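To keep things simple, chains are lettered A, B and C as they appear, and every chain counts its residues starting from 1.
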Amino acid sequence: MSQKHENENIKDIMDIKKRSQWADIWHHFKKNKAAIVGMILIALFVCLALFAPLIGDYQDDALKMNIRERLQAPNADHWFGTDEFGRDIFIRIVYGTRISLFVGIISVSIALSIGGFLGSIAGYYGGKIDNAIMRVLDVILAIPAILLAITIVAALGASIMNLMIAIGIANIPGFARVVRASILSVKDQEYIEAARAIGAKDHTIILKHVLPNSMAPIIVFSTLKVATAIMATASLSFIGLGVQPPTPEWGSMLSGGRAYIRDYMYIVLYPGLAIVLSVLSLNLIGDGLRDALDPKLK
Amino acid sequence: MLIPVMLGVTFLVFFIISLTPGDAATIILGNGATEESIKELREEMGFNDPLIVQYGNYMKDLLTGNMGTSYSTGKLVSGEIGQRFPNTFKLTFSAIFIAILISIPIGVISATKQYSIFDNTGMIFALVGISMPSFWTGIMLIIAFSLKLGWFPSSGMDGLQSLILPAFTLAIASTASITRTTRSSMLEVVRQDYINTAKAKGVSKKNVIRKHALRNALIPAITVIGLEFGILLGGAVLTETVFSWPGIGRLMVESIQRKDTPMVLGCVIVFAVAFSVVNLIVDILYAYIDPRIKANYN
Amino acid sequence: MILNNSILNVEDLVIRYVTEDGIVEAVNGVNIKIEKGKTLGLVGETGAGKTTTALSILKLIPDPPGEVVKGNITLSDIDIMKADENKMEEIRGEVVSMIFQDPMTALNPVITVGDQISEAIYIHQNVSKKEATEKAKEMLEMVGIPGNRLGEYPHQFSGGMKQRVVIAIALSCSPKLLIADEPTTALDVTIQAQVLELMRELKKKFQMSMLMITHDLGVVVEVCDDVAIMYAGRIIEQGTLEDIFRSTKHPYTEGLFNSIPSIDDRKAKLKPIRGLMSDPYDLPKGCAFCDRCDYQMEICKTMKPEKVHFSDTHFVECHLYNKNKDFKLNNGGK
């Protein structure tokens, strides 16, 4: 059999494996009602983020102060009421969704690409390289993630950009570990040996054979980490180290509303609920995916 | 292992903090200072030395317990931290204690009655629990228990009364996640062959759980408790801010706002050391519970 | 029926597993009888329902998803179906013990082997903890492990040694019936022989009956008096060792023999049974083995075969013998 043939055969086998794996995951996932609820909620959040301008104007409704209408309880015009500057809380939450999802996804992408790169190298090559990378990451892990993120933002200054960098960096060790572990679990499988035997290059093997087959745990971890990142964004903004007012961000809305909780609790109620619901949905999806990947462990 | 990690951590934190824009001498002397005096101070404080030399000096001082002086108050950093540390210690340990006390029994019962009403409700609460940001939960608890019901003070540190709300706030997320881990590791353990062996020799259901399953299930639970402690330390920063609790977390946030670099540095290092010490304790506990690990140490 | 002489009597046992994907009829009308001091070999491939049958004797079928639909199990004159959990706790370890397949996972990793052996003794016999430990030491020595290793943990033992410890646990209260679920499958071939020898010896010493679950006909020849061949939840052929080996009746049994190398005829080609066992979620209407059978007939597809008896001890469930009991399989009666 020619080498090309052999290559195609391996590819075929892996395609079948992949396809049936994903079909299988979906089969289990869709039976999980909680996970489906999570999916629907997240889809809703995404729609809100995408179609925010249809709900209200960013400048006029989310930013512009309107002292005459300040601190109104929820009513027909202002579903969630208005804040201390008379801005509509619902519209601010809708625009806040954009920031939360954006920061969550970008920071996880940063962590995934850097952590994933380090983890793949460590897992695939093993030995000294592995040791060196993992020791350095151990150092980062010795600082609780949120504290590390706070420290980084404290040094770099508070902005959305720095927030994403900080949360991204703080999550690198976690991603490196997960990627490394899943690479270790597939690296000695026979189809990898087969690919190596026919002379495939290391980077081809990592990118084409190892990573696709170790994707599942990484996806689960990423989903859960987007949830954590959304939480971290709100947390840092709450203590004044993230998104700065007047930009509508859930955590900074809570921070601003704190002074009024005695009489106007809805100012803090709804932004908080937005955080809980978005984080919860991602957790539900993550859990659902994990159970679908490993149905015996429910 | 602890010492190299600590060296790495201190260096990393030192490096990150050194990225802070703005001239430290200007911050100390205020904007009105003459160029001459700023120059003099920079020389005196060693700000012109290369970073590694500055780090060396800092470490030399740190070994003697000297963490420098605060830029804003001129007091010793170590003194300030020493004064605040017991408060953070009190808060975090109460929280982890509450979390362990609640989560392990619930996790075990949930696992033994999988899919019962108890299990389902418990798991929904746990999932919501890990999805709630602690600062928001704190505010909600303040609204309910101090503003509406008037049972507990909403801020400050004055006896046990004032500890309850912040400790519970901080404990919620950890409780939820330790419960989930205990449940799932318990479910994993009760599927093991040795549980069947125990049943087959006539061990009662209660003792199968208590003597055979629990100890094995605790091994992963302890890992999570260790990790949760790190998250708790990070959470302390937020909880202390919400409840005006005079601990290191709040000190850190205040110091960041005042650009008090030595104080921030001191706080992060103390947090990292505390986390590492907890991880060390976790390792020792491991060896105590799992004879396989003890064997590796000998 | 007078049960005096039989330790275990299983009648018309039906067990199914109800899962999200459907219902699996794991055990489908099984009858088993073991007499005092005898060993029955329960032979079949993975998924045939052997372990499920065994677990039901201890009432340890995980429920859910398992469900004993009907049947009677009498163990040493005790009606297992009617026994409550307290009664079962008394029975397990005392009247019946079970050895599980993989010694590597059958021992609790965080408890010393001494404590794991003495636990059963302490539960069932009216002794102090100290006496129980003393007895555990004797048991350990009986299975060929120095008594001073009592305080060691499972990870300090090799696979074969672990299986010896598992045997010591199972025999610590001299049960009347020992169920051994593939006790040697996970062990090296040389260790297998040692463990089998040990089991045979101890069986004689304790005058136990044994239910030996295996897929290895070699093990059957070594230790069994009677053999039951299980396929897709049914016993399809049963007889004495002699019956099964000398006058094989069921095509599946014949297939099992053809799948193992013969010492007499080294040149003979192995002839594996073709195909896979039927989907347990969807068993065929007729004979479950029909699709894989070389002697398949029209009737096999539509009707379940009835029992055909050849002697008091030997029966088969196969349509081949409906009209002509003297039908000979190609390699039958080798």
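In the analysis below, contacts are C-beta pairs under 8 Å (C-beta built on N, C-alpha and C of every residue); 3 or more make two chains touch, one makes a residue touch a chain.
For clarity, every value in this text was computed on a predicted model and none was experimentally measured.
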| item | value |
| --- | --- |
| Number of steps on the shortest touching-chain route linking subunit A and subunit C | 2 |
| Two chains sharing the most C-beta contacts | A-B |
| Chain centre separation in whole Å, for subunit C relative to subunit B (CA means) | 53 |
| Euclidean distance of C-alpha centroids - subunit A vs subunit B, Å | 22 |
| In the complex, subunit A residues that touch subunit B | 34, 135-136, 138-140, 142-147, 150-152, 154-157, 227, 231, 234-235, 238-241, 251, 254, 258, 261-262, 265, 268-269, 272, 275-276, 279-280, 283-284, 287, 296-298 |
| Residue numbers on subunit C that touch subunit B, as the complex places them | 58, 60, 85, 89-94, 97-98, 100-102, 105-111, 116, 119-120, 123-124, 153, 155-156, 166, 169-170, 172-173 |
| Residues of subunit B touching subunit C in the complex | 192-194, 196-205, 211-212, 215-216, 289-292, 295 |
| Subunit A-facing residues of subunit B, complex | 4-6, 8-9, 12-13, 16-21, 114, 127-128, 130-136, 139-140, 142-143, 147, 184, 187-188, 191, 230-231, 233-235, 237-238, 241-242, 252-253, 256-257, 264, 268, 271-272, 275-276, 279 |
